[in-house]
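Lettered A, B, C, D and E in written order, each chain numbered from 1.
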């Protein structure tokens, strides 16, 4: 009689490689759905020299981006996001899934060694680990039904990444108190469960976060309402950091991104 | 018997495009008055190379600014502000209204791709959503009358943007307690309602803010007195962030701004 | 039977333009003594390229500094300070007084457009408003006499600017409690009233400060003792920010500054 | 009947110089195991110019890195880590052990004077001192046995450095209260004692930290679980800083690092 | 029957100019021992261009450093420290003593105008004032004897500068409570009084600090133990800032520093 917490309700299955045969679908699906997978969020700015090059030069360099994605496709699932124009933090975001962070390191070192990579300034790098959803006892049948209706709805035009750090007070609470608050948190999120998808990464020790929450939606107003609701539950008072920065971008296939950057 | 809160009293209607036929008036008015519209505040510095160019070069590049504003005028309402000389944070501010943030992203990506845009360093980018005003019960008839007198007074020489984040404690208060404090806040603002105009954007989740408040005035001293009054009401103790930075600028039409930057 | 608070005891009258006929004395005196005047503190660093120019080039550019000061002398009172060697924050400070911040903006935009201004990197910009001194009831006759003895003592070799932000708790105190604390603050300042001059600017809403306090002294040790005394009164516990940064410089006429920068 | 605290359980013995005869093994072992040795964590970024050089040039410069390591091998034990692709903080980390910090300073000054060193931008520098393990009374026989099983397991693919600052409240606690909390901390760490190795440095006064904790593991998921466990013990509430930044890298011999940077 | 507090026990007498006849010994001794002297700690980084110059060029520029030190030797006592390799904050530190900060400003402006100074980027500048030691009543005869044994021990290889800001709560304590805590602080420092020398500067108002504490030692481990002891006394809980940054360097004569930088 256990049911997923809100933190683990939606596990995505390889949504973003739609335009790109970037690696074998089976591996990709496994990386996107298995627990014990490392998710990395790497954000970059393009340097000033990038746009000063002529278009042919840029297209040649962008081909190297595609090359390095394909070269690592056995080990790394790559999702790309355009942040420029939505976030002042970075121009591009890579979401990477791998079963070992060493693989992710190899990909990023190779990427930064390409002619394209030399125009990237690394802004942020955060890692988290996927886990089997934890179950909170005591949810009603209706709540369980609603949660189980969470299904893939296909590519969404907006992705938002929210880094989270809980306070020391949170970690010192007993499990029942925590469970009660997580249940309240989940109930507050329920009205948005069909329009705002969510995937949770556990980060403690891998960077200065406890969790990384990844959201996708086609209704940004619903995402805003979801966050407004979550601010009002008791668990919110135990967050030492929520966002700072919140990262917003639009998912792009490798080919879409190349087209945008080549203009 | 409900009445607008101070946070939503003044909804502006296309004040700043006065010198520029930047897009169809109907759409502009709709974007400036409808709820559910995304407002974006994008601030930029001009790089060191900008002023080192000769005037003809700069004028040619500024024409591209005008071009990109016109090219997007069906989807984006653009207001421009000169911040240089008033704010150490940035040189220019764009206030953008769109019904989807994707449109805003396209505008900003196109802007940064122009020869002018390559001289812009993005400093800040914050998004908020307009909503129908919320009503607080229990205002006196006199207060309602005073609030309803808030009307357009035409272009004002000063604009101030104040980012706001409320504390977790605020969000945990019950609605009656919040309403009492918002009423006190509104009453403190009343003496300035005719000389200081205000427009509210809801930001939670779209960036690291809860609200963005936009002010316009021709009497900066009244704006100072308004803020001094708001610091003294109880609600002020529930703000985790107020300003930091406060953005001050002077509204300019595209043509006025081009003239200033071409000198 | 009211008397000025320590925050408004010393209103300076055009001390720093001594070497420069920078504008009509009458206007200058009015700007330096009237309430309702905007004071702006603009701090700048000189860029690396400045000193790499030969002396003739630098002298030519410095003449443009003098030109822009004279061009705006009808509207702006300009005081200059050398901060290099005393403050790690900036090389130069401009204190500007104007009856409208638009005038200050025009001056600073023009300054930054000169050949000299292109070597200036703006570090900080803070605005405050002068007000008629507020009166605290209950001062003894002796205290009133001491305060009224505060007179001009001529140019002092050190100027210190202290930005201040009060806590939300301060603003929520009732006026009697505030008055009691301001009286204690004033009494602590009394021993230094003859050697440390002070001018107060109200900043709330114009930047992220509540007050800007400007000090001048020829006895820096007395200024240190004054601050040490003010740290020990109860009102100090209600400051959220005091300094950060404290700005120290030496007042210079335009000609003195030109001579120093031309070396 | 005393036993090591969790903070000092694992003292490493010269694990990382495996590929490099960087200095006499005896001295190295002494530096890696003795108390009273200064450990320095120096992190660097490679500048933009580094990768723009051709490979022959880079290889020539990297030979100088090897040279300076050998030149100082009598006094300094050098361990190298590749952080690029795992940490946004830096590209490289040097862990240095010396009996006097003057020796470490000489090594780093010489390093930065090499053709390779001129491409290094120093990001962080933190020093700590090794001490004989402190003993906490009252551990059970089983706990002592478990702790004593901690042995070298050979080179591990991940290294993590966690800077720690305790709160003033921690230091004011009496020793019994501290000992109880350290015992709880140690018990929480026990399940991971075989897969996550740890070495403790005392830093108070040598930089703005109280401790630097160095971890090595081949199971990063265990390290995550260890940190999640430590967050839940009472002692965690007395940390003013834990990480910020957490540094993750992969240990490399000098030759391995040269090979990677030469590509 | 009063005796110096720990904060003022050790007043140094011209230790560091040993290799350099930088100014008349009498003046130097006076500046190093008198109360009412301004001590300035100026830290600098060398820019990237410095090391790219050939050695002859660097030697020529370093001669200018020596020249400016000699030119000001009547008014300024100059001590030099190499921080590179020990502190990530800066490469060089100047400790300057003068009876007026105007003199210090003239020295630093002249320094930055030299060919060597143009390669210096100013990182930090903090000023403090020496005072006659304050006396805390109630020390035992043994404590007084121990404190009075603090004498010059000659040049020490390590110098550490610790900026300190006390909390508003500290300043609001009555003098007896403060005295009790200072006595406890002094007693904690006693075991290290012969190996760690200390000089205190009062900073309130001259920068964003209350005190600057300068330490010298040949036994860095003792300095670490001293700080660990001071963390455990009650007065430590009233510090708002201790370090951040702690500055560590090795004292050098002008000639020694020139030799190091010329390599």
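Note that in this section a residue touches a chain if its C-beta (ideal position, glycine included) is under 8 Å from a C-beta of that chain, and two chains touch if they have at least 3 such contacts.
Predicted model, so just to flag it, every value in this text is computed and none were measured.
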Chains contacting each of chain D and chain E, listed by label: none
Chain copies touching (chain A, chain B) - same or different residues, decided at half shared: different
Where chain A and chain C are represented by their mean Cα positions, the distance between them in whole Å: 49
Chain centre separation in whole Å, for chain C relative to chain B (CA means): 30
Touching two or more other chains - residues of chain A: none
Chain order around the ring, beginning at chain A and proceeding next to chain B: A, B, C, E, D
Residue ranges of chain C in contact with chain B within the complex: 36, 38, 47, 100-102, 104-109, 112-113, 118, 122-125, 127, 129, 168-169, 171-172, 202-208, 210
Chain E - residues contacting chain D, complex: 48, 51-52, 82, 84-88, 157-158, 160, 220-221, 223-224, 226-228, 231-232, 234, 236-237, 239, 243-246, 248, 250, 260, 263
